[in-house]
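Presented sequentially are two complexes of chain A, the first with chain B as partner and the second with chain C.
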Partner chain A sequence: MTIGVLVDVLLALSLVGLSLQVVTGRALFRDLVLFILFGLLIALSWARLGAPDVALAEAAIGAGLTGALMLMAYRRLAAGGAADVSPARRRPLLALPVAALAGILVAIIGLSAQGVERVPDAAGTLVLQELSATGLGNPITGVLLVFRGLDTMLEMAVLLVALLGAWAVLGAAHPGRLHQVDRETPLVSALLTTVAPVTLLIATHLLLVGTDAPGGAFQAGAVLTGCGVLLVLTGTVRPRAAAGLLTKLLAIAGLAAFALIGVSALALGRAPMTLPGMWAVYLIETAMMLSIALTMTLLFARSRALGPEQR
Partner chain B sequence: MTSTTVYLLAASAVFGIGVYGLIVADHILRKLLALNMMGSAVFVFILTVAGVTPEGPDPLAQALVLTGIVIAVAATAFALALMVRMFQETGLTSLQGHDGDD
Partner chain C sequence: MTTEALTLLVFAPLAGALVMVVAPRRAAAPIAVLSLLTLPPALVPLTRAVRAGELVQLPLAGFAAPLGIVWRVDALAVTMLLLSVAVVLLVSLHALASFPPERESGQRFWPLWLILVSSLHALFLSADLFNLYVTLELVTLAGVALIAVRGEPAAMRAAMRYLLLGLMASLFYLLATALLYGQTGTLDLYLVGERLEAGGLTAIAVALMATGLLLKAAIVPLHVWLPAAHGKAPGPVSAVLSALVVKAALYILIRLWFWGGGGQAGEHAALLLGVLGALAILYASAAAIAQRRLKMLVAYSTLAQLGYVMLLFPLASAGAYRAVVFHVVAHGIAKAAMFLAAANLLRALGSERLQRLAGAGSRHGLDVLAFALAGVSIMGLPPSGGFVAKWLLLAAAWQERGWAWVVVISVGSLLAAVYVFRVVSLAFAQPLREPERAASAGEEQGRAQLTSVAALLLAALAIVLGLASAPLIALIDQGLPPGMLR
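Entry: the complex of A and B
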């Protein structure tokens, strides 16, 4: 057994241990924090499996963003007077056997699937063979934007639907109640003036290198959301009651850019969703990044729009 | 035992634990935690069974997982919005209602 496998075993054991803690824990806040840790370890295991694109996305979105959303929701419940410690949980007799069977089933399916010999012309192999024709160096970006562009476009539609759904159930929002961070303290202002520009820089970098190296619109959008979350938490931007034209345009930018370029290929006599060139890749990715960042920040802030404080 | 098998077994265990958490959890946030862990387990599962190419795990599977991560966070965000609204309306944080106090 090499050191590498040993690391993998340790990581795997930590994953199982952490998930057990999260499920059986008593204090909800502690379990939320452990869940974020779990996400980071998942990201590490993806890095170990040789999938840095997915690792980046998991660290930024799966652990960071989901964690931030959950902590914010927890805080909203606490602010409304919900009990901190979750009420006594039911322990159905069948829970344990059902869970064990589910786990065993997954293991059996996976182990038998691993034994299946890989066909020489598997879709993933074809992607690598045809990648040079796309002008992209990163096969995952190639799949997302060129080979399976329709999937990615519809993914933006899912994000939009989630935002519209959240707006529909917004109810009587209480803007101005959640940002309790004192902006006058030196730490917060230093955080804002250093971290916010750096996140912008990292997001732009991730977006641009995404064509050839690990990165892309989703990772960049998630990092940009981090900047948005920071601005919301420090009260630099405040929730607004109604979405203006700019907010609406930015929310649909990714979907619209993808759809317009995809459909305009028909007018040029090509198959739909064919991208006319690298400029289209950058345009779509930029639009997607902005849409993702805005959508997720609005979902985090639980508001229809954000803007600078109005005096 | 190879690394992929190690992660496959871990993903299976986490999936089972997630199912257990989903069943026994009362608090909606806890249910969402369990669901998200099951999702992560499925993503690891997909990558470990997809097979490898000379340039790492199958790129199609990686793109699929990447898409899945984003969809999962969108669904979670919507579920959290629903939960907060339900709490505002009813003061409840579980789906059981008041009659299940045992």
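Entry: the complex of A and C
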């Protein structure tokens, strides 16, 4: 108990300290690294709050992928000669009042939330009661796929819009040349031959276990993206100028599977978004994982499609 | 019948977008037309049911609130859907010409456009605070992508700013949603309204949610992103952003305030919202007069017209509700027409400087006519829809003895007259020099004509709305917020 409290206090203090350093820091690169660390600590905090699903997603997406994206952006800025964004151009003075306001807000919310009693028949309680009827063991997956599937389907639409928007902005420009490491060095080849298969394995495990334990399409997709990022950075796959049919099909797979199954419930005389069985859960989750991984890898590589090197 | 109709409104455009991403180019135009033409028939059974006094409800996946998400259609939702479908269809006519689906520009534009339509409809149907968050997020992101769809640097800067401020607004909204759930144990807007009790936490939640929504609706002083975003976007995008997207945020605010228990924040909060509206009317109208670029003028006019909606909160009477909802519809149609006409003029003249408009009245008569007709409605002159809206609002303010509001509404209309007349009179001025006319190919000319027809149809609708206002008013009256007596 006391150790738990100690960890919590340490976490809270580190979060505040880290965020202060990120905002007032003098070197962009250092700030980015600290921000990634900040994401990891947030993930730990979620775990401490008893939300392992959120912790997993935060670690994979909030710290891992966002970090990779920001470091990639930093490298592009550096290549363009703009990386040393000088402290004068950033505004630590603006950060102080914003931080003070946020602190006051948190304090007020904390103080006024103290007197609030737990609602007996909250939606969350109902989810736990009704979960067994769905055949799922993980209440998070139950909410995401069964009870509030529309939210999840629309989140997949958000992801597709991000990709379509990126494609539009990329224009017809030739895919950018990515900085790549030399594949022939022993370290890189060892990394590829061990890490890539292991991430695939972890992603599959997270996907399958998601029905009964923490995990699911979003976490699995994020881990799979890690594999994609590795393949892009080592030059195993290279950007292509135009998206082929396979890329497009994979990009829409998650949303299309969810929407199609959701609407087909009408034909059976049920309300839209009713899932016909566990097979639908697995199908939708798999399709979502593939769409998530492809979309995020493409966004990372800043390209319309990826493929093996053409000779 | 209504279940299928509700499903069509959201899933038909969504399916169109998905198919278009993977289908060959030549199929793009039929897909777009087909998925959009399913929308009007879907509205028929819904409107009929609501007119018969029915509240159409659909618990998605069969789970009722508080466990699941419920789609709920009352008179207000149907009104917004009618506005949305009318504007989307006519603006799509313009987009068929300005973003030909089989070309590269159209290939980028149309899937995003159809997803925007789908998410707007999902928003108007939803009665769930978190689902509203997701739909509003999707609407914003699709809007951002559409602003930047041509890849022009100025538009991309505007889109980026809209994106960042929109995300901040979303965070405010999300935090408020969590606070409301913690207090009431439900995300269903109507259940929240029943269970919410006045208190400190409620006040904070409502304040946070209102701040997020006002930021998304660009209410002065949270408007900084709008003029550039709406001014630099392509014509059809500006039209729908001004007519529907900013209204979507206000729609949620009105729902929250009068149905979801937000009114518990108290009369002072309502007064504050009204004062912001008055500020918006006066400041943005004056700013519109000072603009030198046509589309920026129209964008500032949007800011001003949004201010009138905010007067609903302090007035809070059935008369004011009727007036404001009518205004939302009238302004949506007129502003869509105005943006399309402005975009056409901009394309034809090759410059958006107001000075270059001189002489446009004779050469681009259709577009200037559309602009002028839409302007009649924006100014609130009879017999337009705008006139009915302003008249109802004045009457409501008068009845509540809100003399300050009466003055603001009147001054706002006068200022609107100044900026509209400025454009129209310039258009009929003698041109400084006879501009050389670029000879365009037959197909291009056909496209240009289609864009003008789309603008003119919308402008005509803005006028007709005033002549035939009775059915719409009857529809609005059927869904007065609880506690508001006719």
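Brief remarks follow.
Note that the second predicted complex is superposed on the first by the 287 of 311 C-alpha atoms of A that agree within 3 Å, B and C clash if a C-alpha of one lies under 4 Å from a C-alpha of the other, contacts with A are read in each partner's own complex, and residues count from 1 in each chain.
The working rule: a residue touches a chain if its C-beta (ideal position, glycine included) is under 8 Å from a C-beta of that chain, and two chains touch if they have at least 3 such contacts.
Since we're looking at a predicted model, the values are computed, not measured.
Taken together through their common chain A, the two structures put chain B and chain C side by side without a clash. By the touch criterion stated above, A:G39 is placed in contact with chain B alone, chain C being left untouched.
Of the two partner chains, chain C is the only one that A:A271 touches; chain B does not reach it. After overlaying the two complexes on the shared chain, residue contacts for A:V127 are found with chain B and with chain C alike. Judged by the touch definition given at the top, the superposed model places A:Y74 against chain B, while chain C stays out of reach. In the superposition on chain A, contact of A:R238 is made with neither chain B nor chain C. Between chain B and chain C, B contacts the larger number of chain A residues. In the superposition on chain A, A:G103 contacts chain B only, with no contact to chain C. Rounded to the nearest 10, the superposed model shows the Cα centres of chain B and chain C diverging by 60 degrees about the centre of chain A. By the document's definition of touching, of the two partners only chain B reaches A:D31; chain C does not. Legend: residue contacts after superposition of the two complexes on their common chain; A:R304 is shown touching neither chain B nor chain C. Of the two partner chains placed around the shared chain by superposition, chain B and chain C are both touched by A:D151. Taking every C-alpha atom of chain B against every C-alpha atom of chain C, the smallest gap after superposition is 5 Å. Common to the chain B and chain C interfaces on chain A are residues 109, 113, 122-125, 127, 147-148, 151, 155, 158, 161-162, 165, 169, 171-172.
Residue ranges on chain B touching chain A, taken from their complex, read 1-21, 23-27, 29-30, 32-34, 36-37, 40-41, 43-45, 47-63, 65-67, 69-78, 80-85, 87-89, 91, 93-94, 96, 100-102. Those residues of chain A that touch chain B in the complex are listed here as 4-5, 8-9, 11-13, 15-16, 19-20, 22-23, 28, 31-32, 35, 38-39, 42, 45-46, 48-51, 53-54, 57-58, 61-62, 65-66, 69-70, 72-74, 76-77, 80-83, 86-92, 94-96, 98-104, 106-107, 109-111, 113-114, 118, 122-125, 127-128, 139-140, 142-144, 147-148, 151-152, 155, 158-159, 161-162, 165-166, 169-172, 216, 218, 292, 295-296, 299-300, 302. Interface residues of chain C facing chain A in the complex, by the touch rule stated above, are 3-4, 6-7, 11, 14-15, 18, 21-22, 58-63, 66-69, 104, 108-109, 111-112, 115, 118-119, 122, 130-131, 134-135, 137-138, 141-142, 144-145, 148-149, 151, 156, 179, 181-187, 195, 199-201, 204. The residues of chain A lying in touch with chain C in their complex are 105, 108-109, 112-113, 116, 119-127, 130, 146-151, 154-155, 157-158, 160-162, 164-165, 167-169, 171-172, 245, 248-249, 251-252, 255-256, 259, 262-263, 265-266, 270-275.
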